[in-house]
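Before anything else, here's the structure in question.
Labels for the chains are A, B, C and D, by order of writing; each one numbers its residues from 1.
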Amino acid sequence: MSLTSEHFEAWLRLAAGRLHEQKVALTELDQAIGDGDHGINMDRGFSAIVARLDAGPAPDPTPTGVLRFAGRTLVSTVGGASGPLYGTGFLKAAAALDGVAEADASQSVAALEAAVVGIAALGKAVIGEKTMLDALTPALEAARAALAAGANGESILEGAAAAAEAGALATVPMLATKGRASYLGERSVGHQDPGATSSALLLRALADTASSLARPQTAAAT
Amino acid sequence: MSLTSEHFEAWLRLAAGRLHEQKVALTELDQAIGDGDHGINMDRGFSAIVARLDAGPAPDPTPTGVLRFAGRTLVSTVGGASGPLYGTGFLKAAAALDGVAEADASQSVAALEAAVVGIAALGKAVIGEKTMLDALTPALEAARAALAAGANGESILEGAAAAAEAGALATVPMLATKGRASYLGERSVGHQDPGATSSALLLRALADTASSLARPQTAAAT
Amino acid sequence: MKKLINNVDDLVTEALQGMEVAHGDLLRIDYSNSVVIRKDAPRRGKVGLVSGGGSGHEPLHGGFVGLGMLDAACPGAVFTSPVPDQMEAATRAVDGGAGVLHIVKNYTGDVLNFQMAAELVAGEIEVATVVTNDDVAVQDSLYTAGRRGVGATVLVEKIAGGCAEVGGSLKDVTDIAVKVNGNARSMGMALTSAIVPAAGTPTFELADDEMEIGIGIHGEPGRRREKLAPVDDIAEMLVGPILSDLELKSGDQVLAFVNGMGGTPLLELYVAFNSVAKILKGKSITISRSLVGNYITSLEMAGFSVTLLRLDDQLTNLWDSPVHTPALRWGA
Amino acid sequence: MKKLINNVDDLVTEALQGMEVAHGDLLRIDYSNSVVIRKDAPRRGKVGLVSGGGSGHEPLHGGFVGLGMLDAACPGAVFTSPVPDQMEAATRAVDGGAGVLHIVKNYTGDVLNFQMAAELVAGEIEVATVVTNDDVAVQDSLYTAGRRGVGATVLVEKIAGGCAEVGGSLKDVTDIAVKVNGNARSMGMALTSAIVPAAGTPTFELADDEMEIGIGIHGEPGRRREKLAPVDDIAEMLVGPILSDLELKSGDQVLAFVNGMGGTPLLELYVAFNSVAKILKGKSITISRSLVGNYITSLEMAGFSVTLLRLDDQLTNLWDSPVHTPALRWGA
C-alpha cells in the first residue's frame, strides 16, 4: 500500500459522507456531556472540505497538499474545541509527509504519530481524560506495533481503526478531565466521548479507503 | 323578607367562600377567552372583604354601610375590568338604599336595578355582548316581573338567581363585543363568559342567604 | 409551573424591592400603594406622567420611570389592571402643579380604573388622559372594545416624557402623546403561551408546529392560529396590516421597533428585525430610528411584535432627547 | 423546535444584518469574516479590544461593540467557538498601533481558536490575551478544563474598554482586565434547557419540579440537579460559593449582577436580585453598583446567574465611565 493525494482525497470524501450520516448521533453524544454541537461542527467542516474540493482550486496534488488543505479548512470552518484540534492534526500530518509523493506504511504511521502528538500538545491532554486522544492514542500504538511486526499498510490501518473504536468505547466509564465534559464532574461518567467517536470514524474511513484501493490492486496482481 | 346589614354581610361571606371554591373554574373560563385572571381577581377582592370584616373596623351597620364598604373594597383590590364594574355595582346599590335600615322586596329590587344600570353605564355595554350584563340584565328583569306579580322577597331573589344562571349559560354561543374577549372575534364563540358566571354566583349566593334566613323565620311563624 | 419566585402573592412586591435596590438612584417605591415613583418627583412646574397596568410586561412601566419618561408607574397584579387607589396615589405624588397626564393602554380594565382614579382627584389636580390603541390585530369597531394599546405605549411614554422634561404644558404633552399614538401601529405573534403565576397553567396551548398571530400582551390567544412559518413570512403578516393602516408610503421615515415578548432570544429578535427591514426597504420606507429588545413583554412568552411610528422632525427630536430610566437610557 | 428563523444556516448572518440596520451608528459588519466592528475602528493609538465566542449569548459580544467597550466581536455558530480567521480579521481591523487585547472566555474551543489567531498575527500586531474564568460551579483543578468564563466577561469588557477609551496602554488594559476577572465570581442555574437550532432538540431535559444548579452558558447540564426551590433558597445556593471563593467580608463594596439566561421574565429577575440583595445585606456587604437583565444568555434558557465583583475606586470609576453600545449605554 502507498497513499497518494487521490487516496487522501477519497478518504476525506468518504469521511465527510459518514460524518454527515452520523451528525445527529455525534450531536446526541455531545448533548449528554457537552453542548450538543459536535456532529454539527464536524459535518460543517467536512462538508466545507468536499465543497471546496468540488469547486476548486484543487489543492496541491501531493499528500501534504491535500492534508494541509484539509487542516486549514477544518481550522477555518469547524470552530469549537474540535476545529483547532483536528485542524492541527491534519496540518501536522501534512508537514510529516512533506516531499512525499506516495506515503508508504512507515510514512503513514509517522504522519499519524505527528497528528496525535500535535493534538495532544495543543489540547494538553493525555490518554484517560475522556477525549479524542482516547481513540487516537491506542490507534497510534496499534499502528506502531503492527508496523514493527512487519504488517502491510492495509492491516496497519485496519488495526489502528479497530483500536480507535475500542478506545472510543472505553471512554464510557471515564471521568472527563478535559474539555467541556469535565465541568460535569462525576456526571460525565457513563457516556461515550463524542470526539473519540469521531476520531474512530475518521480512522475507520481511512482503513476502508486503504483496503478498498488495496483489493482491486491485489486482484490485478493475481 | 327584609334584608339588614347582617344579611348583606352574611351574603358577602357566603359569596366569598363560593368564589374561592370557584377560583380555578372562573380562571379557566377566562383563560379561554380572556387573560386567565378572573377567578384570581374575584377571590382577591372577596377575600379582602372577609379579611377586613374580620379585622374591623366594622362598616356602618346599615345596608348602605355594608354595601358601600364592599364596593370600595372591590374597587381597591380587584383591578381588571371586573373591579370597577362590580365595585360600581355595589356602590350604586349602596346609594339606592341610603337611609334604609331593612331593605324590603321592592327596595331590594331597586338596589339591584341601580347596580345593573350603574354597571351598564360604566362599561357602556348592553345585553348580548357576552359580559356580566348577560347575567345581570335577565336577573333584574326577572326580579322586576316577580315583584310586579307580588312575589315575596325570597322568590324574587330566587327568580333573579335562576335568570342569572340561565343568562350566564346563554353567553356560550355569543360573539363578544365588549371586554378582552372581543379581541378574539369569532373565536370567542363557544365559551361561557367568566364575568357572567361570577354574577350568577353572586346572585345565587344572595338568594341562598335570603332563603336560609327565611326558613327559620317561617318555621318560627308557623 | 417553573418560576423564580418565593410565593405568588409576594411576587410583585419583591420585584419592586429588587428594583428599588438596583435603581435607587432613579426611583423610589411607595409600597403601601404599590407605586414606582421617580426619585425627584414631584418636580415643580413639570407635567407629571403616570402610567400603569398589569405586571408581567416588564420593563413596562416601572422600568420607564426616570428623567425624560414617566414620573410614576402603577403595577397591578400579573396581567391585571392596577386599582384606582394606586393611580390616585401616583397622581398626587408626581403633581408639580402643572397637571398630570395618564397614559393608559386601551383595555377595559385599565381604562375604567384610571377613569375612577381621575375622578378621585378631580377638582384638585388637572388630569388629562391619553389612551393608546395601536394594535392593528384588533378591528377598531363597534364590535370590539377597540384596538389594544401595545408597543406604541413605550414610544408615547418616551416622547411625551421628553416633551414634559423640557417644560411642555399639559396640553403640549397630551397633544404629542396623541400624535405618537395616532402615527404608530403594531402587531404581534406568539410561538408559546405564558403562565400567569397565580393560575399556574398556560393561558393557551400551541402545538409544536403552530403559532398565534395577532396576540396582545396578556398571554391571551390571538386572532388566528397558523402553521409555523419562516420569520420573513411572519414579518410580512405583521408588517402588511401596519403599513396599510398607517398608509405609509415610499419616502416616509419611521421608527422601527421590534419587541420581544419575553422568552425569545435577542439573536432571533435581530433576525426578525432584519426581516422587517427588508420589507421596508422594498417599499422605500426609511428606518431612521430603531429599537430592538424586550420592552413590553408578556412574561416568558416567546414571540415578537412590530411597531412602526411615522416620524417627523418633532418626533425624532423628542425621541432623541435625553432619557435616563432603568430600561432606556441615552443623552443623560 | 420553534424559532424565529428562516433557515438554520443563515441565522447568525441574518442576525448580523439586523444588527447592522439597527445599530449602524455604532458598528459595521465584515460579512466575509463574520465580525462585528466598531464603526470608527481602528482608532489611532487606542488599544483594540476583541472578544468572541459562540452565538446564542446575545447581547454578548456583538451588543457590546462601541465606545468604551469592545472594538470587535467574533460570533461563531450557535454555542460554537468562532474560528481563528475571524479573530485574525478582527484583530487586523481594530489595530490602531497600540496593540490588541483578546478577551477570551475559558472554554477549550475559545482558548484554542484565539490562540491560533494570535499566532497568525504574531510579529505584526502585539496581542495580549485575558482568559475569564469566574464560574465557581467548576473547580479550578487539574481535573477540569478550569473554571468557565461567564458573567465576569461582561464586566471585563466594560471596565477594560473604559480603560482603553481613556488611553490606557496594552499593559494597563490587560492588567485591569485581569484585575476584574480576579475579583469577580459567578454561578448560574437553569429552570429549562435550550435548543441549539442546528440540533433541533433540547440539550437536556428537566422534569417540571427540577432545576439545574451550576450551569454554564451553552445549554449544557450543570453540576447537579435539585428539586425546584423558592428563589431565596436558590440565591443562597449561588451566592454562598461566590462569597466564600471571593472571601468577601463585611464592609466590602460590590457590583451585583443578576443575569437572565434568556427566557426568564424581567419581573422574576428583579425578584432574584432582591433575594441576592437580602443575602448581601445580611452580611453587611454593600451593593454600590447593580446590573439586572439579559446580558450573557443561553438562547431561550430560563434561569439566572449571579456575578459579584469586588469594587474599589478604580473599578468603580471605570464602570461609571462613558459607554455607548447596543446593549449598555451611559454617559455618552
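Rule of thumb we're sticking to: contacts are C-beta pairs under 8 Å (C-beta built on N, C-alpha and C of every residue); 3 or more make two chains touch, one makes a residue touch a chain.
These numbers come from a predicted model, not from an experiment.
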Chain grouping by contact, computed as though chain C were missing: A, D | B
Where centres are the averaged C-alpha coordinates, which chain has the largest centre distance to chain D? B
Between chain A and chain D, what is the separation of their C-alpha centroids in Å? 33
Expressed in whole Å, how far the mean CA point of chain B lies from that of chain D is 55
Roughly how far is chain C from chain D, centre to centre by C-alpha average, rounded to an integer in Å? 29
Multi-chain contact residues (two or more partners), chain C: 78
Hunt down the residues of chain B that sit against at least two other chains at once, touch-wise. none
Thinking of each chain as a vertex joined to the chains it touches, would you call that graph a line, ring, star, complete, or other? line
Spell out all pairs of chains that touch, sorted by label. A-D, B-C, C-D
Touching chain D in the complex, chain C uses residues 1-7, 11-12, 14-19, 21-23, 55-56, 58-59, 63, 78, 191-192, 208, 211, 228, 230-232, 234, 262-275, 277, 287, 290-292, 294, 297, 299-300, 302-304, 326, 329-330
With touch defined as at the start, can you tell me which chain A residues reach chain D in the complex? 27, 31, 34-37, 40-41, 44, 75-85, 87, 122-123, 175, 177-180, 182-185, 187
If you look only at chain D, which of its residues touch chain A in the complex? 54, 76-85, 107-109, 112-113, 115-116, 137-139, 142-145, 148, 196, 198-199, 201, 203-204, 216, 218-221, 223-224
